[in-house]
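To keep things clear, I will list the structure first and then write my remarks on it.
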């Protein structure tokens, strides 16, 4: 895959003395939706955190747009368009919806076209426009997830990584959010998804990676993976 | 059979959100009851309501016939109800043995320090931590910490054990081992309430399963009946129809 | 004492209390943003007092013109302190940041006493007061309260209306998420700490226009700041101002009736009681 | 108990403290060791709450000061004999600590630390206004007070030996607590209070008990210390610097270790003695203490013993 926007090679990372990632590798193609799946605790979230720099990798490389960004701090990566919508939303609960979005567009790069992005977010999520003055902590779970994604979009991402989109969401809301992701992808945005709802994730993915024990187990087109019985059982929980 | 734990109409809200909503169920002695449901369904909250970390807004919890609603966690532990945490809570600077000794000292047997050492060692060996007895807990791997959680709970000689995702984060071999450990626990006469996402594991371990969704009971029954329940498939396993629909749109 | 006397005493208490509130704002801002109890707070207040003394008596600057240099100097000192004593403590056990800032406080007070000793200083500041009935409100008190109001308003506008101020609030709310949004959180933390120290310095400078002071006065005002932020809710600058006014009100209310020396006892009793009963502060309405 | 090496370490320390000035009737040495016994007593007791249970108490001096006040007061107007007054003071302070403890130990982390400062300052402010305690001018004891102990000369020796005994008792207490079930509970609280409670540790009771228990010996030390000087005033009795130094000592020696506070106290005393006699540094005592603390916090958070145990783990099993 020569048109990989993001290329992760042999990434190693962990918490304190506990190593979680043992040399994981994957690539995200431009304008495609790539999914990482695997059992709870396999290291998917850790992978995303290490990629964006929220966690310092102890080994391996992260190439973004051909540039080695492995050692950059998270805010510098975000400022280049490598953006993570973290697990559990992580909103600024005491701040309003509008302020949360404004923080999303904090970096110099993103603030240049702030108005355009805000417009796009409010078009994608009219609910947020209605509630722009409301504090983020008072939103419903679905609205919070919308805000989390919208805030990520405000960062003008070249690649948007979304961790556990479905966490605690009702199926209807989930459906809507997946539709939005699909829209964004079709619009040309590169997306990396970590998701426990394998059915939904696979339905949308262009390519999927199976992660196990902090390493890459296998990868391929989602249909092919879903057809492999040993993968279904051991890693997908199907 | 007699009920060891009765949860009656228990409810708990956080800032207007009903985490657990008038939930009732019973665990019989020496049973393994599985508790499943989507993330955020209220499973861990339920554990916290049972062992006294949270006080229920409504309803009662009875353990071995005694009303333990709103009793503080240390009293519940003393009565013989032990638990593990989904996010491991090791006493980091203390060794594996010391961690287990805390469980033994302040558990059901209320052992003096000298005798607790024995119980602690036994529990640590039981879960397979025999060669890490003097390792500070902070230096264990995730799997090791998960095991430590279990060992600490076991050292308390509990009558009822609440297991919160002890299999999460373990590799398939470790999962097999842990399942073996849990089976042997039941043989020792311990009743188990287990939260787990690994469907294979929980289906094979549990005698009965309760499915939670939005803090309410969605279904209850044998593993087989629950797995075939369309409601459960939609809420927890993912809706195949929805999945197919999305797939159609994408690939069209 | 007449009713007018009591009212006058209360008003004066509020005037002085607002300056306590200003001091507490600095402390509470730092606490709220980075979970650090800045125990150099007292020595920073004293630094503000001595800055006023030195600038007026040695360089001959008019007292209120020292406000800007104190603000800027405090900010720079705060930046230095952040990198020396605070940066490495972020995210560690609270004991560690308590001890590190505490040790810097020891060093500063130690250096100060070695140079100036512990004698009483007094900066003569005069400003026409306002007379009401038989009671005169000193001009220094009125001006200090007015300046406090201006600074507090500026801080509010900064935190709630500017991009950088909002970034500070974002970092306070969720540092990890802020970092992921492209906010350079370490720089923001340093900025917030420096701002908190600058506020402490300015409040010290204003207090020095009201009362005489020694090098060891910092402790007393630091404790007052604790009382104030416990009243106002930790990490809540607006609450701190309210807490300061409440404390001033209390002082004004009790001084006509009981010996001044008992006010300290009442304040500390209040402090511990409020801390136990409302750990989030009496005026902490915003935090859920 | 007798087979534990640490028991003999304590016995040795006590013996050296008792014998060193007694041999040759060295009054000067005795007076310099008085402060060391007080420091070790304060730091060792504080360490049980701070090092084991993880609660930072900035105002631990309040026990010392109150013990001093009660003892001096009871020996004054009511004219109680020293042992009775001393014991009554210790008991009363422990009880008071229990009551305070049940209140403020509900707070955690920095909140608790602030409350302890508040308690100390509040008590000091109260005593300054409390006429039976002489207000801000303090209380004096008449010289005749030393008579029952065989006159001032003998009395000072007796007080010294008692202080050494209290120091020894403190060390033993710290050691016994660490090896006990109670100590295990406190250590668990210090590591993760919520997890400890779930494991069955009665956290609230244990914390209050530890707070109260470690108030007793410092109160006795305070009683003896101020009996010895026959004078007490608020600014001496509740001097926050004293508490501060106790914390520096604990951090220097190694928080949570049994031997650390004693070692730290000894080193700190040595350093202080050297600084006070040095012309260059006599004015910079606080500066040195502060710098020392900062260096420890930044680069050696486990203190000396923590560092030693890290290098030679076997030492820990020998001494702890």
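To keep things simple, chains are lettered A, B, C and D as they appear, and every chain counts its residues starting from 1.
Simple rule for what comes next: a residue touches a chain if its C-beta (ideal position, glycine included) is under 8 Å from a C-beta of that chain, and two chains touch if they have at least 3 such contacts.
Just so we're clear, the structure is a prediction, and the values are computed from it rather than from any experiment.
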Seminar exercise, completed: Co-neighbours of chain B and chain D resolve to none
Exercise. Among the chains, which has its CA centre at the largest distance from chain A's?
Worked result: D
Exercise. If you tally the C-beta contacts, which comes out ahead, C-D or A-C?
Worked result: C-D
Seminar exercise, completed: Cα centre of chain C to Cα centre of chain D, whole Å, reads 32
Exercise. Quick one: chain B and chain C, Cα centre-to-centre, how many Å?
Worked result: 48
Exercise. Where the centres are mean C-alpha positions, what is the separation of chain A from chain C, in Å?
Worked result: 42
Exercise. For chain A and chain B, what's the span in angstrom between their mean Cα positions?
Worked result: 30
For this session: Find every residue in chain C that makes contact with two or more other chains and list them.
Result: 288
For this session: Could you list which residues of chain D touch at least two other chains?
Result: none
For this session: Provide the residue numbers of chain C that touch chain D in the complex, in ascending order.
Result: 31, 35, 37, 84-85, 88-89, 93-96, 98-100, 102-111, 113-114, 219, 223, 226-227, 230, 259, 261-262, 264-265, 268-269, 271-272, 275-276, 279
For this session: Write out the stretch or stretches of chain C touching chain A in their complex.
Result: 163, 166-167, 169-170, 172-174, 176-185, 286-288
For this session: Under the touch definition given earlier, write down the residues of chain D that touch chain B in their complex.
Result: 179-181, 184-185, 187-188, 191-192, 194-203, 256
Exercise. Can you list the chain A residues touching chain C in their complex?
Worked result: 52, 54, 73-76, 78-79, 83-84, 86, 90-95, 99, 102-104, 106-107, 110, 137, 151, 155
For this session: Within their complex, state which residues of chain D touch chain C.
Result: 50, 54, 56, 58, 103-104, 106-107, 109-111, 113-115, 117-119, 121-122, 125-126, 128-129, 136, 240, 244, 247-248, 251, 283-294, 297-298, 301
